[in-house]
Amino acid sequence: MIWYKKYSLQDVNAILAKNMTSFLEITAVDISDNALVATMPVTDRVKQPYGLLHGGASVVLAESVGSVASALIVNLEKFMVVGMEVNANHIRAVKDGIVTATCTPLHIGASSHVWEIKIRNEQDKLVCISRLTVAVLKKR
Amino acid sequence: MIWYKKYSLQDVNAILAKNMTSFLEITAVDISDNALVATMPVTDRVKQPYGLLHGGASVVLAESVGSVASALIVNLEKFMVVGMEVNANHIRAVKDGIVTATCTPLHIGASSHVWEIKIRNEQDKLVCISRLTVAVLKKR
Amino acid sequence: MIWYKKYSLQDVNAILAKNMTSFLEITAVDISDNALVATMPVTDRVKQPYGLLHGGASVVLAESVGSVASALIVNLEKFMVVGMEVNANHIRAVKDGIVTATCTPLHIGASSHVWEIKIRNEQDKLVCISRLTVAVLKKR
Amino acid sequence: MIWYKKYSLQDVNAILAKNMTSFLEITAVDISDNALVATMPVTDRVKQPYGLLHGGASVVLAESVGSVASALIVNLEKFMVVGMEVNANHIRAVKDGIVTATCTPLHIGASSHVWEIKIRNEQDKLVCISRLTVAVLKKR
């Protein structure tokens, strides 16, 4: 298990239930030994002006799930995690329904984490692929 | 002038006044011959759970201004523009106030555009730097 | 099969046997229905000044295998392929031996391809992960 | 001045005169208070099979100059610098001549550096734009 300790979905959703992740209804739906999965409904709040899922909203989802995953790995009394770099390819347009982001580790080091986040539509087709680099910093 | 024709701020803000860009109060504040500038207030809607500007929100701002810039360059009766790839480095935390994104062209080609978007805080310090690659496709 | 027609390893290596890919001894070692695999020896030609595999060399390997993969997908009499954007996370240092790049498709569209390239060391540990966006353009 | 101490071009070129940077004839040609400039000739060693500058070679140049710039900023007796993430947009094809990379800081922090590297051809047109994220780690 990559997590610092055993976390439940309720633990994760307590973190997400604030601010932007709450506003966009980003919700954790699965936490396994080495992956975190979250969903986001494709409402007007995450669409660009032409009615499709905003590419930036995909990145919000990707960075939210990757950042929370990093927070669940470290001892937050001693360390803090900071998103440094994020990138994404937008593969497929989405008009409605729910998208699902699956976050898996590419690297879990002492000073940085690298996550791959794949976002899929309800037909399980790839919508967006993202990579997030997180710095792990000692609290002072 | 890089734009397809003369556009006013009202033209640009009419596009932004819908869906996610409207919810996040992203507003164009300047359009010059070769740059587009937009602002976003740092409200709870764009903060991560710990109260700082969400990195993904910076990308929403970057991708919004870059995508609109691409739309203003082409003849939209014949072409459409699609965000392909976006990346961003998060440089500085922001707690409140307004952030300002300045979008300038790195490449304006027949089949693709590349934009640089720099987001700064109210003290004019760099918050985020992003690059957006947009495909220009013929309408069928 | 994602390829335009059946290609052998000899076909692929005939392309690679020139210029930079030849100089760095990049060699295709496997072509399956939907993946292309190539190796590169970690010689002085691909090391940075401190004796480790140069991160840029990993990108040369990634972009070489991705670009060739794109060339094998299209009808080269009518289309050409151009690398637009490449990104990479460097995960693990390599001192010597051979690294192996596996290139798999994330998206194969009419106007663009997106490839994931994972580079591993001889112990099958991840050295570098890269994503390459390729534009497919009509020849004039 | 962003550098740890005053460095001459000879100091920089002594670092580059080894391994890959030496083989590709990457040479520092200017070091100012806050920028480092290096050139690379477009020989067969840096061309892809079709005779144009290899996109990966642009990244080698970008990552070389950015990594050396980071090494010149820190006290190397106490810290080491490690390239974490690199990305690049390839803007313009180059057949021959010399390309020039200008590296300027986007962020110089205690635990990371972010560099922008612009590569131009002999007509001063943009060939490639790259961003490099470097981790600064304490030596143990």
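In this document, chain identifiers A, B, C and D correspond to the written order of the chains, with residue numbering beginning at 1 in each.
Note that a contact is a pair of C-beta atoms (placed from the backbone, for glycine too) under 8 Å apart; a residue touches a chain by one contact, two chains touch by 3 or more.
Since the model is a prediction, treat every value here as computed from it, not as a measurement.
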Centroid-based (C-alpha) most distant chain relative to chain B: C
Distance between the centres, which are taken as Cα means, of chain B and chain A, whole angstrom: 22
Intercentroid distance (Cα basis), chain D paired with chain A, Å: 32
Where chain A and chain C are represented by their mean Cα positions, the distance between them in whole Å: 28
Residues of chain D engaged with two or more neighbouring chains: 84-85, 87, 89, 133
Chain contact topology (line, ring, star, complete or other): complete
Of chain C, residues touching chain B in the complex: 84-85, 87, 111-112, 133, 135, 137
Contact set on chain C toward chain D in their complex: 15-16, 18-21, 23, 44-49, 51, 54-57, 59-64, 67, 82-90
Chain D contact footprint on chain B (complex, rising order): 87, 89, 91-92, 106-107, 114, 116, 126, 129, 131, 133
